[in-house]
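The same subunit A turns up in both complexes below, where it pairs with subunit B and then with subunit C.
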Partner chain A sequence: MSSSAGAPAGARNGSGWYLYGVVAADAPAQLDAGISVDPAHGVELLAEGPLAALASKVSLEEFDEEHLRERLNDPAWLERNIRAHEQVLERVLASASVVPFRFCTVYRSEAELRRFLSQRGSDLAGVLRRVDGKVELGVKAFVDRERFAAGLGTRSEEARELEARAAGAEGGRAYLEGRRFDQLVAKELERFAAQVVEASHAHLLAAAEEGTLGPLRSPEVSGRSDEMLLNGAYLVRAGGGELEEAVAALARRYAEQGVSFEVTGPWPPYNFVPREVGAA
Partner chain B sequence: MTDRDRHPLEQQVTLIELVDRVLNRGVVLSGDITLSVAGVDLVYVGLRVLLASVGTLERLEQQASGNGNGKVLAAGGPRR
Partner chain C sequence: MSSQDLERYGRPGGSTHPAQLADVLERVLDKGIVIAGDIQVNLLDIELLTVKLRLLIASADKAKEMGIDWWEGDAFLSRGDGQGRLEERLRRLEEAAGIEEASRRSDK
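For the complex of A and B:
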């Protein structure tokens, strides 16, 4: 394992290259020496023509397909490396536009990685132009069901009557009246949710370059007790502030109905790069 | 590195956001040049593992099998 005169340690067939993302070769990309998916190897910029790969060496013992499947079942390993992947990209995102690649994109050799960059250079450059100067922001909307139900009484005569009957009844009848009120709330909430999603997404798109809606997450996954109504991702100019303003306006519009909004990011534009590059 | 510690809720939320992006999105390479695992598998495996790690998978499964029509307010109507 002794390495001579700056030659990288590790047998050639024992290590591969993990690709985090692609940047323009002349971009002022900043790297953080301490963060990578394999602590033994830091992230490097491998320039190939007008593009550069953000990549670091990894042990193939850890990252070849067979072993990777095992690792993916190790929560600590998975979390550490997902965070490392993201941190590498976020660090770069602060000073340069980046095309993010999916977790665990690994090449067997530097030559193969460079060949990919030169063969797919025009595709990648196109993607890079699309996200140039832009970042992704996440916007989620949640509704507090109890607050929504409480407000319903002030907006709907039917709800007011049902609520009053439930409050005035006793025993089994109270239960039945309560159920009827719950069913009305569920029906109204469903209708309201569809409205909120449509109106909010349109409003946010007007403040963004592009936008997309993702799957809703249950309270167990989202970590919030409120129900998720909207899970959007928006491509915006870095540092623009328009989307945040649009979110604030929506929050004011729907606050009374128990809806709250949450903005996350800036993220690398994960949702605005093609799913595949290099399809034959 | 505190990976094995129990994380505060906020950090778990961020982790799920990360999973949604790092595992579900980003460019995937096709062809024979990489070792990257098929996207769909990775998403499934990743989410499953992470949920299990925060102790919620069990509850999710219970919910999926026991409660098909969503949540309703407790009988008696809203508070406040």
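For the complex of A and C:
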């Protein structure tokens, strides 16, 4: 199976090394033999000085640039491997601090990977110190528009009036009045959303080491029919519990207005490592 | 499984809910360290596939630019044509019914 038909000239067969993340060499990192991006090879710890790479061998026929492009357009392949990447890191995260690398970081040889570790050792050690003993939690807030609208009637005179008019009207008139009410809801919701984001992020930051806000996702992507108001990531002490308490307090504060919160993680600290190491 | 106000997903280690793919994609494809400095890397003769690979999948947006956009065509993830057409028809009906006028009046 070493020479696949149609492989471009110069395609190097054999294996490379896929890098998931970096841990301290003396960390009690636990590996799960069953999970890796290439089922033929398990994850190993390659120690180089004070650091160790979490890496597994991959077939370059699969992970070579030529072939990877095709693979990336195969949703089943992409999902399986993205999840494998994530699960390898999550497994380690339960017992050690980890610096996560981006999907598909592949070296052609073990020597190249080791050279990277030793040359960028001080940068990587710095990143590792920043995330030592910490994990990332995701916090999202959603609003149920109908519940928000229902609550609006009890808070605003204008809303109450519009709502009553809509209820009292008939036929096309009722439709028009209903739409005017909807427009008021939209305006009020926008104002409310900005307020929730500002207050929530500040409240959550107080319970975390660091935090950052990401882009809002549409219901199609989030998988929830409610509108997303906040998509934050927070770096917290592993097992601390403060952030969860802060989220619960926010959930109580905004429940009446139809807002609910969702916590995900613990994640490897993807949002709290630099984009690049070793920039010139 | 949880209170209505606070839901929790994707806990590793005996998790009952696998993390949502969107959450994983957002992190694994768009965050995490990439290897920097192509030229320097080349000069140092460190052969990294990564350097080129990250051009392909630097981010979900980048992936889209590169034509990796299967999720766009997924009925579950994207707004289907049917719904888009329905909304367009509704918008035209509303226009005809003078809803835009109504909204302008209410803004005053």
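Note that the second predicted complex is superposed on the first by the 267 of 280 C-alpha atoms of A that agree within 3 Å, B and C clash if a C-alpha of one lies under 4 Å from a C-alpha of the other, contacts with A are read in each partner's own complex, and residues count from 1 in each chain.
The working rule: a contact is a pair of C-beta atoms (placed from the backbone, for glycine too) under 8 Å apart; a residue touches a chain by one contact, two chains touch by 3 or more.
Here the structure is a predicted model, which is why all the values come from computation and not from measurement.
Using the contact criterion defined above for the overlaid structures, shared-chain residue A:G178 touches subunit B, although it does not reach subunit C. Once the two complexes are laid over each other on the shared chain, residue contacts for A:V37 go to neither subunit B nor subunit C. Once the two complexes are overlaid on the shared chain, A:E163 sits against subunit B while remaining clear of subunit C. In the superposed model, A:C104 lies in contact with both subunit B and subunit C. When both complexes are overlaid on chain A, the residue A:A141 reaches neither subunit B nor subunit C. Of the two partner chains, both subunit B and subunit C are touched by A:V273.
Of the two partner chains placed by the overlay, subunit B and subunit C both lie in contact with A:H85.
Once chain A of one complex is fitted onto chain A of the other, the partner contacts of A:L54 are absent, as it touches neither subunit B nor subunit C.
Once the two complexes are laid over each other on the shared chain, residue contacts for A:A29 go to neither subunit B nor subunit C.
In the superposition on the C-alpha atoms of chain A, the part of subunit A touched by subunit B in one complex and by subunit C in the other spans residues 16, 19, 21, 63-65, 68-69, 72-73, 75, 78-79, 82-83, 85-86, 99-108, 112, 115-116, 127, 138, 175, 179, 183, 214, 217, 220-223, 264, 267-268, 270-271, 273-280.
By the touch criterion stated above, subunit A contacts subunit C in their complex at residues 16, 19, 21, 63-65, 68-69, 72-73, 75, 78-79, 82-83, 85-87, 90-91, 93-94, 99-109, 112, 115-116, 119, 127, 138, 172, 175-176, 179-180, 183-184, 214, 217, 220-223, 244, 247-248, 251-252, 255, 260-268, 270-271, 273-280.
Residue ranges of subunit C in contact with subunit A, taken from their complex: 3-13, 18-29, 31-37, 39-41, 44, 46-50, 52-54, 56-57, 63, 67-68, 70-71, 74, 76-79, 94, 97-99, 102-103, 106. Here subunit A touches subunit B in the complex through residues 16, 19, 21, 60, 63-65, 68-69, 72-76, 78-80, 82-83, 85-86, 99-108, 112, 115-116, 127, 138, 145-147, 149-150, 163, 166-167, 174-175, 178-179, 181-183, 185-186, 214, 217-218, 220-224, 227, 264, 267-268, 270-271, 273-280, going by the rule given at the top. In the complex of the two chains, the subunit B residues touching subunit A come out as 1, 3-4, 9-10, 12-31, 33-37, 39, 42, 45-46, 49-53, 56, 59-60, 63, 70-73, 75-80.
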